């Protein structure tokens, strides 16, 4: 077994200063717990509930920020892309290209991420059975990339609610890929915030612990220094103190089960 | 009230000859029943389950086919686009730009379709509550296009199954937009076909009748001369005889309810 | 084909006077539309959300009321039972014994209803696949009763919501039994009313029309002279004017489809 | 915090000898891990899928078996009851009266269990939101019994499948009651076995570990010496070796989180 990979950062790049400050704290958090870390952030929130919400700094400015983050902190970086043409430029800078959940069935995007990413993180669509991720994995492998992480981020459960089916982590691991829980998006309440997506931050910790007990290779969490001020996904983001507590428990569970 | 709009055609453009043959039959079908029709087909199936499945003729050849169909049959045309840049060229040729269900939350795509389409058909995501389509509608209107149809095509119901919530048609109509049932995609069984999506053609007719009884402005059906030979979505496509019977019943129900 | 059977009445027996008044109106409603009718009411609401809610007049007083209703109106009657021992006394008076949805898997209750009821109406559990009703039907038939109606009343769809899967009517009819839509319970919102079950009366009419278009043998509706004053299920009950409009449309749809 | 309570035993009482043999092994299992145990078994499987399946030894013979088990092993006992009249006799013998999931809304049964049981275990219905269990809890408390355990056993997730929503354990604990995971029924596949209920034994261990990581007061598992020969629920039952491994991991997780 390998140590747990922490994928953490703010939902969206708000500015270079914000990114650097958060990346340093992510680095410190990971160091404190002795785990490798990847800094995640989105340069563009392409699927906001409302067309009037903040979307981010954009692709080129975003990539410049990621370069600076890498240079200053040494952290690996991850970002999500939304159209196939973005994979090539993004893949020149960030280490992991992420396919958003809604887009996990878009063949061109998946293939472009596989071609241009050192590795790929595919979030399982809220509408997809865990075993159907085998087709996504096959698309990546046929494009020549076997460095693929499969991420659970909740399945549609009626309207306005998501449920994390813990069996999905087992099923996806059986496909031969490392698996990840996106613990903060999994507690979103789609449409629950009126004009924005709501969320239940209080369930991040129990879901993260549960996933650790089931068996995960990576843990994805959005962390913001001040979630109440976050420009996206505040209701389901953690602050660094919360993230520290989650990580402590998650790693204790892993050690109890004999995992590094 | 206005007459029911029929949106029909094969799932995917397989060739110019196939498109023309199908469009002529769609035109004859609509004429027989006295309803206006739009010829639908996809130039690219961008989200096939397997990366090895047939995807279509591609954008530019596809647009040439649509031009020929319009010229030869006089039918209005509809196609779906998958990335924002496709909206402009597609919008120059086809009458209705369609946003696929998985992509209904992609702001750039929705806005591009609103800008470049005479009208837009947005399929409600399998993961979305009907009332959350108000945000999609607002994105279109803010982009200057109020000619938007909202289409129900089934909601995620556990794994590998979709359910049509008939209340959704009422809820979406209350948003102030015409509503459509996509009767053939609604009977898909995602992942149910192993390496392809399965489907239950036998439920197309009852769901179409039910939607007509609830109240719809348009009916979307994929029709193939020989569904067993269709290169995509065969299991849930109708042949023309089936489509004729569906339309007959749907229109009888509308007349019984005093609708044209 | 046989004419549609109307099963209608108040949710719960509140008093003899209330029952008689409602039964006379049900009889008039059915006569106006030329359909046979069964008067339904519960003598005991055994599964109220709160233990403090009104439960009804009880078994023996309730049976006396049903006898009076039959004598005075000539209507057939239906009531639901909750424990197996109630089936014998109830079956001596009412014409149809109903198995509640939550209880449709309780073998003793199903068998007792089959033995003691002239006919049986089994509501499909909110947790049950339509085709699994074949086992319930088999239990009735093995107990010697083939007069069984299978009723759709909504399936669990996340928390606090139900969805009517119109395919269920087709699937259950294929089991060889007449099928019914319970149009008023299908619009309940479990837990949605805080200490009571909420409901969306406005969807009763579209769901009833949809079911008629799919194909049903019976339509079940709870009707109260003044739903706002009903001691149970007011939020999803219709008044007689609403029921009249629903029935008019439902029968128009049937005629349009060539059904009596 | 108190130590985890193990509730374990065969699905159904097949004979006195079977019960005693299993109870001794449950006792040994619990002793090996230093946790208190309750021996569970059903005297009657009142809701089998098929009317022809084995149902158990019946109430009176079953109570005699529970008496013998208590006398010979000293274990506390639990059984489920299905109609209100069974609660009084069962409550004279067994320590915990259990309300089955399908029946958790039957007020008389819940109240009878509260009155006649030393303590009560209520399984949350597959159709019920976790927070709606507050009404069930209130019914017990108003009947004078505050010794109530709330058990998660999976929620309806489409047809033929259940999902364990780990948030439910948190939500139910917030109601002020100890919570339990029924790890073996949670992996049932309703209707999945054709004429019987199917199951996925391989998910029992991950779900039990996950629940331990979230926080539970009790763990419920059906264990059979030879699941392949079990007369009920074999596909989701564990054998004693599997149960031992589950318990070892569950307790390791609890210790890692500072729980006894």
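To keep things simple, chains are lettered A, B, C and D as they appear, and every chain counts its residues starting from 1.
One rule holds in what follows: contacts are C-beta pairs under 8 Å (C-beta built on N, C-alpha and C of every residue); 3 or more make two chains touch, one makes a residue touch a chain.
If you're wondering where the values come from, they're calculated on a predicted model, not measured in any experiment.
Asks: Please decide if copies chain A and chain C contact each other with the same set of residue positions, more than half shared, or with different positions, and reply same or different.
Replies: At the contact between chain A and chain C, which are copies of one sequence, the residues are largely the same (over half shared).
Asks: Would you identify the chain whose Cα-based centre sits farthest away from the centre of chain A?
Replies: C
Asks: Centre to centre, by mean C-alpha position, how many angstrom separate chain C and chain D?
Replies: 33
Asks: Distance from the CA centroid of chain A to that of chain C, rounded to the nearest Å?
Replies: 48
Asks: Mind checking the centre-to-centre distance between chain B and chain C? Centres are C-alpha means, answer in whole Å.
Replies: The answer is 36 Å.
Asks: Where in chain B do residues touch two or more of the other chains?
Replies: Residues 155, 157, 159-160.
Asks: With touch defined as at the start, can you tell me which chain B residues reach chain A in the complex?
Replies: Chain B reaches chain A through residues 46-52, 55, 82-85, 102-103, 105-108, 110-111, 125-132, 135, 138-139, 142-143, 155-156, 159-160, 190-191, 195.
Asks: Quick one: in the complex, what on chain A touches chain D?
Replies: Residue positions touching the partner: 155, 157, 163-167, 169-170, 200, 202-203, 206-207, 209-215, 249, 252-253, 255-257.
Asks: Under the touch definition given earlier, write down the residues of chain B that touch chain D in their complex.
Replies: Spelled out, the residues of chain B in touch with chain D are 157-161.
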